[in-house]
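You will see chain A twice below: alongside chain B first, and alongside chain C after that.
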Partner chain A sequence: MQPEAVSASTTRGPEGSRARPGIPGWLATLVLLLPTYGWLFIAVLLPLCTMFVFSFMNATPMGKAPIVFTLRQYQVFSTQPYLLGIAWTSLLMGFWTTFACAVLGFFAALALARATIGRTRETLLILILLPFWTNGLVRIFSWTMVLREGGFLDDVLHWVWPGAGSIGFLYTRSAIVVGLVHGYLPYMILTCYIALVTIDDAIIEAAASLGARWWTILFRILIPMAAPGLISGAVLTFVPVLGSFMEPRILGGRVGVTMGTVIEDQFTQAFNWPLGAALSFTMLAVVLAIFATFSGVLRRGSGAVA
Partner chain B sequence: MNTTRRQTLGLIGAGALAAATSSLLSRQARAATKITVLNWQGYGTDEAWALKAFTEKTGIEVVHDYFSSEPEMLTKLRTNPGVYDVVLINSARSQQAASEGLISPIDFSKVPNATGLSPELKNHANLQLDGKTNGVSWVWGITSLAITEGSPKPDSYAALGDPAHKGRVALFDDAVTGVAIGALLSGQDMNNPKDLAVVTEKLKAFKPNIKLLWSSEDEWNKAFAAKEFDLSIFWSGAAVRSKRNSKLPVEFVVPKEGGIGWLDSLSVPATSTNPDAGLAFINYMIDPDFYFQWATKVGAPASANAAAMEKLPADDLNRVIHKPEYLKTMTIQSALPDDRREAFNNLWQEVKAFYAA
Partner chain C sequence: MIGLARFYLAAILVFLYLPIVVMMAMGFNESSLYELPFHFSTKWYVALAGNDQLISAGINSIVIAVITAVVSTILGTMASVALARRTFKGKTLLQLMLLPPIAIPWLITGTAMLVFFFWTGIGRGMHALLIGHVALAIPYVVLVVGTGFQTIRADLEEAAMSLGSTPIHAFFSVTLPLLAPSILGAALFAFAVSLDQFVISYFLATPGFTTLPVQIYSAIRKGFTPEINAISTILLIGSMAAILVFAIFARPGGVSDKR
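What follows is the complex of A and B.
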């Protein structure tokens, strides 16, 4: 990709000005777009297509077993109905995580955008992103130390109120949501922040001078105007949370069974790639269906940007 | 005689060729005592001190090639005939390898140390094909129960469902192990349980007790150190490490139904060019002196050689945990056909979903 980019840029340099009429515009556009689309093709489209083909096979195409194409993998929700329960749990967990991220992220971004200026704002933004640079596994394991019975959370409670019982809630769904919210909150803060800083101070001042109370300003001005940020943040959070497997496995213990862990098991333990692929594509269809349902809201949101 | 330059060159060339051939031949003669071992990396056969001692004793030089999964090991045997002289095979795969003609039957007269092998392991059905033994049992281990020291010892896997351990049990997140426990508990063959519905029922009955499903030794150690559970399914070798290295108060118990065993064996590929040297190396690998050093200096699983185990000090954890009587009740994991493996996996997913609900 590098050489193409270089050659494309040299044609636009002063030396290439004589050769310019020789290169049609469409060719230059094509050459410039090639790296991006080539990369997307190799890194996204090709693996996706391979997995799509896998999902119709009867067995993982390795070894000597003959491969037969079948729709059997897609019937798994009717042959193994307990998967429906797992899918529902995963969706609920996705909704709760996204909701918590939206509330926390929006107010954090609001504080960042409205209550700070200049250097302080930049420093705070960096401080929010800083924990994001550490490995996700490390952060999740740290949560196990905080949340377990007799862990850090209990220590703090006993320091404030000696003799209290344990409030550790490791190995519950709430623990998984806490871990997921911690992991995906920065996305929400960033998207909301970008939407909020573009709001003109004059609008809020005008509303306040006309007698609007803080909740009116929040619900009639700030949230509608920051909706594109909230929506893109929600999409960025909801989709990966639905497929997450590390957080449920480590923080969920017994209850940490989600679509993500089921799919991961198919690839790592059961060596049943076709079933894993079929489950992934079913989840993808569900996600697309959810987005299609809310597409009206999404379009209105993106319209607000334009 | 008018020798042309071309003839001279030809003569020189022929001479060089002859010299090269003779040196090649002599190298081949020396190379007759060089063998290639195929194994996991860092799994006993490639200890530098051991190889040095072996070469000094026999004059056989040992080089290694490694695999990172069992299917890869089989592929390497299939696609590189003549390259390997010794290969490590999980006994569950031995029959498959033998029936494909990848490994040859063992001539035990060339493996004098084999007399010390525990009979249960030496002639295990996994290693047999058409009445011939195709591998030398090397090391073994058990998956069974681990309990906090000082607690009453469970005598059956039923303890996993005992209300006395409510919310204090950890299981290993593995389909084959899960099914094996349900099968042993319902008196079935864990390698081929006929009634999977009963297995599912037995496993689901543990639900009120299950605190955690662990998937790595590290995870087990952390949770056990934090007193998350009292009773769990655990590996014998890992129990030795937890006790020795992490000083955790854990006791390994094999209940009356017997442990879930695994057995690794060493075989000679059918295409080996040096089968005798390969057998000599295998003989050294089951030598009690080698095992003593490996187990005490480096750390090793239990040896299939009873004489080697007896050489360990009586209070050695490895010896204490891997009691010879466990071999009598232990069932060793054998090969699973694809459809059975899939059924096991589906069963385990269903059980896990039930635990989570």
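What follows is the complex of A and C.
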């Protein structure tokens, strides 16, 4: 690198690296990109391809048994209909989580964008986003402290109303949804906020001065204009919820059986990797279909993803 | 209306922080069954100091997070230099390729890694965890550093080169110092991503080499004492600190005053 730098110093021009003798521009680009994309290729792309191949095998290739390629794993929804019920449960869980996040998050973003300013707003935004980047597992664990029988929720109830029963609802589907909403709400608030903050005050003032009631402003101006934020927030909530398994296990106990936990079981308990792979790929197909459907909206909002 | 909005925001903050605060408080409560009344005690932290399993898992987590931060920051910064400053075919495709580790549920990525690493003989354990964590962190680094590039004017580098600097020298003496806050921010971000990563680690860890989240998960599943609250508190405060420092360095979503 050193002699190269010396020789190039005499022929410097405003053209930049392209006009430079020595290392050609394309080679420099390649050297810069290769480590990252090589790594992603080996760590993500090849594994996904391998799993795709596994999903057509008749058994986990561990013993001596010959491996036959078959479509059997993908027919499991018709041969084991109870999986359809589990898939439905997972979709419902995803729907309720996304719906609750959208309603709570939209109004929080609206309050942020219209009722706070400057430093306060910046601090609130950081406070809202901070939990999102902390350990999800620990946050789910925290909810067991609140929701279990005799937990914090019951403590508060008994303090207000001594002698009352228990309202703790740990190990129910509602508990799973509460935990998941807690996990993804900050993200929904962020995407909605980014969409809402660009709305010009004048539009709302104009509507109000022309006699529009608050619900007209809400449904005819604010929600349509925040739609990109709502949609990207919804997609990026629904997709990870679909693949969640730790949340249903911890907060759902025995009722926490979802596609995520079924897939996890195939890899950690049942050792039926081909079935797990087939279920994973079915889920991936659903995920990709969702991304494809909303790709236009997501691309516009992608600057905010990080 | 403004009052209602503020009240609502306060309620949202309570919802977000209440369970965390309750969990943290229970780590300082004497009762092993999480019973009230609250008696302040540090006994669970003392017990934690003697819990070799959790401590070695904690050390593993930190080692993995530091290596992940260094490796992914170097690789990701290199890639983002090429993506930000060079023109070539297929750039959109390469940018799209950064998305799978972020967008595909980790359950799918994690099980795919398990299958592939088993099948190729790479196996599980520390090296497998590192391969996985770096792959997850790289896209975030590229995004954060790429955002940093947008705040730096390309003509500064060109000015240096037209005054006789080599591209490499111009990069290291002009662009890199301007980019330093973003790169540091990206490194902290990668550190936090790795430290908090559970799903991938869960599938790639071995009984002999686990990380803190994996260890905490198995404790939650098997039955636990407030020791888990204590270690969880430390973990939360650690990653919150990393993210707060990141927010100061790179200000996500905020306007940067760098030129």
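Please note the rule applied: the second predicted complex is superposed on the first by the 234 of 306 C-alpha atoms of A that agree within 3 Å, B and C clash if a C-alpha of one lies under 4 Å from a C-alpha of the other, contacts with A are read in each partner's own complex, and residues count from 1 in each chain.
In the analysis below, a residue touches a chain if its C-beta (ideal position, glycine included) is under 8 Å from a C-beta of that chain, and two chains touch if they have at least 3 such contacts.
All values reported here derive from a predicted model rather than from experimental measurement.
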Partner chain(s) touched by A:Leu222 [first = chain B, second = chain C, both, neither]: neither
Touching partner for A:Val255 - first (chain B), second (chain C), both, neither: first
Which of chain B and chain C A:Leu45 touches, first, second, both or neither: second
Partner chain(s) touched by A:Ala59 [first = chain B, second = chain C, both, neither]: first
Winner by number of chain A residues touched, once chain B and chain C are compared: C
First, second, both or neither for A:Leu33, with chain B first and chain C second: second
Partner chain in contact with A:Leu185 - chain B first, chain C second, else both or neither: second
Touching partner for A:Ala175 - first (chain B), second (chain C), both, neither: neither
Which of chain B and chain C A:Leu230 touches, first, second, both or neither: neither
On chain A, positions contacted by chain B and by chain C: 144, 150-151, 249-250
Touch list for chain C against partner chain A, complex: 1-2, 5-6, 8-9, 12-13, 15-20, 22-23, 26, 34-36, 75-76, 78-79, 81-83, 86, 88, 94, 97-98, 100-109, 111-117, 119, 131-132, 134-135, 138, 140, 142-144, 147, 158, 161-162, 164-169, 189, 192, 195-196, 198-199, 202-203, 213, 216-217, 220-221, 228-229, 232, 235-236, 239-240, 243-244, 247, 252-254
Complex contact set, residues of chain A against chain B: 59, 62-63, 65, 80, 82-83, 85-86, 89, 144, 148-151, 171, 249-250, 252-257, 262, 265-266, 269-272
Interfacial residue positions of chain B with respect to chain A in the complex: 71, 174-175, 210-213, 215, 219, 222, 226-228, 338, 341-342, 345-346, 349-350, 352-357
Contact footprint of chain C on chain A as seen in their complex: 1, 4-5, 8-9, 12-14, 16-17, 20, 25-26, 28-29, 31-33, 35-37, 39-40, 42-48, 50-51, 54, 61, 104, 107-108, 110-112, 114-116, 122, 124-128, 130-131, 133-139, 141-146, 150-152, 155, 182, 185-186, 189-190, 194, 236, 239-240, 242-246, 249-250, 260, 263-264, 267-268, 273, 276-277, 280, 283-284, 287, 291, 303-306
